[in-house]
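Chains: A, B, C and D, in written order; residue numbering restarts at 1 for each.
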Amino acid sequence: MYKENDKFKEECGVFGIFSREKIDVSLLTYYGLYALQHRGQESAGIVVSDREKLISYKGMGLVSHVFNEKVLNKMKGISAIGHVRYSTTGDSSIINAQPLLTEFKLGQISIAHNGNLINADKLKNNLKKEGSNFQTTTDSEVILNLIAREKKKSIEEAICEAAKNIKGSYALVILTKDKLIGIRDPKGIRPLCLGKINNNYIICSESCALNAVGGEFIRDIEPSEMIVIDNNDIKSIKFSNERKYASCAFEYIYFAREDSVIDEIEVYSSRVLAGKELYEEHPVNADIVIGVPDSGIPAAMGYAEASGIPYGVGFVKNKYVGRTFIAPYQELREKNVSVKLTPLKSNIENKRVIVIDDSMVRGTTSKRLVNSLKKAGAKEVHFIIASPIVRHCCYLGIDTFHKKEIIGSSMNIEQIKNILGADSFYYLSLKGLHKVLGGNKNFCFGCFNGEYPF
Amino acid sequence: MYKENDKFKEECGVFGIFSREKIDVSLLTYYGLYALQHRGQESAGIVVSDREKLISYKGMGLVSHVFNEKVLNKMKGISAIGHVRYSTTGDSSIINAQPLLTEFKLGQISIAHNGNLINADKLKNNLKKEGSNFQTTTDSEVILNLIAREKKKSIEEAICEAAKNIKGSYALVILTKDKLIGIRDPKGIRPLCLGKINNNYIICSESCALNAVGGEFIRDIEPSEMIVIDNNDIKSIKFSNERKYASCAFEYIYFAREDSVIDEIEVYSSRVLAGKELYEEHPVNADIVIGVPDSGIPAAMGYAEASGIPYGVGFVKNKYVGRTFIAPYQELREKNVSVKLTPLKSNIENKRVIVIDDSMVRGTTSKRLVNSLKKAGAKEVHFIIASPIVRHCCYLGIDTFHKKEIIGSSMNIEQIKNILGADSFYYLSLKGLHKVLGGNKNFCFGCFNGEYPF
Amino acid sequence: MYKENDKFKEECGVFGIFSREKIDVSLLTYYGLYALQHRGQESAGIVVSDREKLISYKGMGLVSHVFNEKVLNKMKGISAIGHVRYSTTGDSSIINAQPLLTEFKLGQISIAHNGNLINADKLKNNLKKEGSNFQTTTDSEVILNLIAREKKKSIEEAICEAAKNIKGSYALVILTKDKLIGIRDPKGIRPLCLGKINNNYIICSESCALNAVGGEFIRDIEPSEMIVIDNNDIKSIKFSNERKYASCAFEYIYFAREDSVIDEIEVYSSRVLAGKELYEEHPVNADIVIGVPDSGIPAAMGYAEASGIPYGVGFVKNKYVGRTFIAPYQELREKNVSVKLTPLKSNIENKRVIVIDDSMVRGTTSKRLVNSLKKAGAKEVHFIIASPIVRHCCYLGIDTFHKKEIIGSSMNIEQIKNILGADSFYYLSLKGLHKVLGGNKNFCFGCFNGEYPF
Amino acid sequence: MYKENDKFKEECGVFGIFSREKIDVSLLTYYGLYALQHRGQESAGIVVSDREKLISYKGMGLVSHVFNEKVLNKMKGISAIGHVRYSTTGDSSIINAQPLLTEFKLGQISIAHNGNLINADKLKNNLKKEGSNFQTTTDSEVILNLIAREKKKSIEEAICEAAKNIKGSYALVILTKDKLIGIRDPKGIRPLCLGKINNNYIICSESCALNAVGGEFIRDIEPSEMIVIDNNDIKSIKFSNERKYASCAFEYIYFAREDSVIDEIEVYSSRVLAGKELYEEHPVNADIVIGVPDSGIPAAMGYAEASGIPYGVGFVKNKYVGRTFIAPYQELREKNVSVKLTPLKSNIENKRVIVIDDSMVRGTTSKRLVNSLKKAGAKEVHFIIASPIVRHCCYLGIDTFHKKEIIGSSMNIEQIKNILGADSFYYLSLKGLHKVLGGNKNFCFGCFNGEYPF
């Protein structure tokens, strides 16, 4: 697939459902995963419990590519979990696709994980010394081995014990033949929320998946909280005293879908607010404000509203990029063969244009966009980023680049402006971002300031 | 594929290129077709001339699905034509995929057609009587047989003669081993334009395809005009004295991509203008104006600007619908499983909402959207259509429904409002539409008023 | 696919069925084509008549690959024709797959052809002059155009007239909405026979297809004979006075399946007889007689029986060569990586071996087989061919090589023996072959002696 | 795929190669597995060591379907193991495809297994108690966990220790980054042999795979023997004192390819001998002896030789059954639609026919064959089985049926004869089989007499 590899990549989305009425859990998981597809496009999987045993189906590619009606019809059950994955380099094989499904002394267990353990290697070495072997390179298999080795009698206790040993970011959904469990790390780095359809419970990465399946949002799962759902009960267990939020700020900036609400902050509104705040920080005089589709649009609308400069469509997006699209080679790109975004000339020509994008990591696409706006007749192009500029790698579940590829790690504003070929270049201050996100909670700003929660 | 089958469907897009420099004609045709993909998603095809012979490759599905680098590498040449197709019911087999390629007394000829002949059956019967046989059910094959039977010595003359016999809408690109020909019907019903990249000429359905390949727009091809391009020359031939425009108004309303300029009217601007005109005709009091993605957005922005009511994002669109997506069955749809468009609650809740869509044919999706907005907490929903309401079928190259499926053919405004469950329902007047489109040219408004150019 | 490209290739097989009872005509055509699969493996197609219209489905590859139950379930009808094809170089694209289906003044007509017209180019040029165009490069399309241009009122008459104009080999099955027609050229070069299941008639290339579908053989269709089957009647029409047999001898030697009976000669028995005759002509002293699988086996058994030398299995054949098998490159072949045939050491070691193959065209595989027998410990290897050596190309429906690739066109026995590395090399005389085939009928021996029936 | 599910099914084939010269180990493993394809057609896999790490590729289907040149080109290395698998019911998913690849405290290890552990469940439960978890349902994963838990310092020692704990049949090839290990259970139930190409060693299930890759046979691996090959050395380790042969007799009767030599017995010769012995036991008077292709052929030839009755081809086999072949439904089968084997009428009609098949398990195909011979005109049909009749299930690596499906478990000769519709029915005595196999070694005859080696 032709991919703009200019931005951070989210690594995973998870979805789980436990039915107490007769509903089609695998089909609803399919729609749930489809609504979370933006969190990972390389593999998709669903595991269903039919009360007796767990049934798994996984494949490479989009949810709609991996599953069909024939497959889903064979996956009838009372509960299910699902996973979409964007894998980091090298390990995108089917063996690493999730959910993982395994059998241990307390029965079958399946796990789907969004996040990244920072002590995975250490844990893995200890487990190997004790005789464990690893068939995948996923953190999830480490967690499974920890659970399998616990001496506790109940699966909840075993999971709690395992959770005490792992460090890093994790939002997990876990399925056994009669339980659905959701668990979120003590810093709440990755999102996870609880919802329901009538009397059937759902645990998933973002609230947009609840909307998609016709469910309603109950609440966010809290840091250090484990939710256990079975046929009779729904329990909340606090597995650690640590509950200090350090949610990933990039969820709001770019990863999450704009109709999600995460930890009580509306993603769409936060993006509009970022645009308004941007204007406070960097008022630029221009004829039109445009956004880079799709995640730059709300901030552009906010900037326009705050500034009074009219908002307009700046780029038309081609909706038909398929899995095997042939990317234009360098020579064609230089000849302005533009595949995904084409400037809307009537809004650009002879105008002073403010372009707002959500974030900047490598900057290669940004450069091409500025260039295409100039060719379309823009008199001035002011490139503004609705978040602080990224300067550091992420170790908590986001696919980042080598540091040297991150444009903000080595260049200052002036240099970036020149590379982009823009007439000016600005970005939102960290303080501004914090203000936009409410200011009274903590966030992980590691990729901006190098300060990580661990 | 999951398709909203609520609207008219465009039937085809065409693209042709003739190189006088060393450029990759098949790859550029691929990008050109990709930019025209919105005009047809069921089959795609390219025919290349390597100066000696024509080479064809066609398949079912999207451009990016049908073609890959291996295939295109075998299609080197000096000129090419391509076609994307949305087939009407029943005949979507590969045998009908275009361009058609055939050999007749003057050599090989390939043809790609956008439009619909209204005298095809009659011509076909006459040709059969003379001994022709037909392997496809396309109008293009009728045109090919007409050309093959002409006594003229040159291919241009043969095509001109054939053109005099056919009636209806057609924008054609035709390839022979050493010529590229473009031709547009005497009423200019379907769009066709001329462009170039350096010294290489392009003829295509919409100017957006020129932008996509880095080319520049020269001019629209006129009604009754044939353009003949070969290695030395570019000629314009007027094959009929009839030159009275009756361009399809729906191209502006819905079919064409918003960054195209057709017959000197900017598609995007015409849509914004329609929104402004709508406010003139139907000023509604509300808290927010939203558009139905994607083609309702510009009109919504126009309405917002004219009215002073803020414009906002109303629906979030899932970008990942694949070819084999499992559509929710009735029961799930009633339970609000929403696959493609999810309301953005924070912009809807407790608000009086104006929703603008580009057009209304069957109205089934509209009903669902109104319902989902109500469930998302809208206090009022005012549904406004940025074009006159469709009341008649089209006979000129658009896939329409049975008349009884067209909601406007049997219901009045009040009835439609009630069916939609909206608080009010309005649409643009025909006079308003004509004003928006400039007013000084003629258009085909057949589907609105039943008056066709033939 | 890995193919032994050492031998002539048959080009096509045809099958047609007309039901008067409720039977599944498309499924029976599927099984019929499957039994004729040895006559062509590159494309397969079926056209069904549901009494109102003809429905076509074609694809590249084996019958079992192209068709599935879903496709066949959509092809219900009262009659059907089918075709399997091995295409000659260059034109193996889907556009040339048969049956061709077209519509002309007398209705829809579909045609499946086994054979080769020698005046196709001339006919095509004449037709072009009269205004025909050609979308394929098949002879069948020439025949269709001839039929379409006939002035006759009935389809039978039109076909008869067309048949008078074509020259070469043809065994055709033709389908209209209410008739099944079979026709065989005046020299009977390609086989065609008539059979039935209860009251339902079948016309097909070889009787083995009748056996496969549980039908019974009625008789061969005669040279210059046209059989017309409809709901009431089965008619035999003699469309030409020429009825001099010149059947292709290679059908008996190699092409036809051994359980077929063609023009009253049992294929299997003729091959055993060839082995016996071989011994009469070339008695060799040895310890074992082996055959090259599969078509060399019966002759080896005949030779063994006549000579009293024991027959034994000489090569074990791997049954699992798939479509995408990776053929060993030269270096590996030299290292004796043997993919399809492995010598059975226990029957070869320390023995004087007679190997019988059905025919020799290029001789490349033969050389490899002799080498592998020597490596397996054979003391002597005597290579004997159960047919005369091929010296000429075929113009009547068989895919042959360039003359220079035909080993017998430029080398004598001694040279071939040396190239093969065999201890002796013999082949059946033309007289011997004629004797084996009965001697009282005429055959086309063109590839052996250069004397063609035209 | 259309499968005759009438017979036992072998479950697996293994192949391993260690190079000391520059050869293409993955391509040779591909050809080796291809030669072992008869041992398993549902999945195929190869793991290669490039000296630093192990690289795995597996898929469902035939070797030629799973692998292509692109895949193999990415698998360059110094050593490799491969596996083909026929899975038992229910668990034919990709997760169970072999070789399994895992990482434990001593590094990466990959294992491919032919056989069946009879104490797998017990071992698995013990391992679970100690904290192991299981992602597959294969015995191989049990072995891997045993190895991972051993305290030994070297991988050879760990494997030896593990081998002492497992009970049942196993022929294993094991790969680490610098070693290839082969190991055979103490009763030698499944075959395993050692060979070489120049200075490069091979360990594989059957010697036919050596022939296929141009290698030479060195010797069988002995019961309780482990062979360890690295860059410097080839060691033989005896891991248990038990060395009492109990080889599976069915390897000779049906599973193994006829050009293999297993434990010094030639498979082909043993089958011919079985035919001769059959005649000693059951001399029948008839006109022709035919064999059921493919594995009944050698015994038929043996019977013919011993009896003096001529051997002839009785059935013609269709070679083109593909993966998705549509099997004829009951009604068509009753109408004699015969898909795979068609009687050769000229050898059958008006004759007293002896048909020899290798074995009988369910008898359903046999019944159909007798019926088809009668319809082809056989005067008498005598059905004779070249092995004792199966009466019991197998627990040692063969896919057997429910006992009630095994015709010999509940019926006597007379009853079977009547069910088949044959004029007589005989089979080889157990004593006769033992004589055929040499008589001086022990075999597992469990499926015949219910006496298993454990």
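Quick note on the criterion: a contact is a pair of C-beta atoms (placed from the backbone, for glycine too) under 8 Å apart; a residue touches a chain by one contact, two chains touch by 3 or more.
From a predicted model like this one, the values you see are computed outputs, not experimental measurements.
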Common touching chains of chain C and chain B: none
Same-site or different-site touching of chain C by its copy chain D, using the half cut: same
Inter-chain centre distance, chain A versus chain D - centres from mean C-alpha coordinates, in Å: 49
Chain centre separation (chain B, chain D; CA means) in Å: 60
Distance between chain centroids, defined by C-alpha means - chain A, chain B (Å): 35
Listing of all chain pairs that touch each other, if any do: A-B, A-D, B-C, C-D
Chain A residues within the chain B interface of the complex: 24, 27-28, 30-31, 34-35, 37-38, 41, 62-65, 67-69, 72, 197, 208, 211-214, 257-259, 261, 266, 268-269, 294, 297-298, 301, 305, 310-313, 316, 318-326, 328, 332, 335-339, 342-347
Residues on chain A engaged by chain D in the complex (per definition of touch): 56, 94-95, 100-105, 109, 128-135, 144-145, 147-149
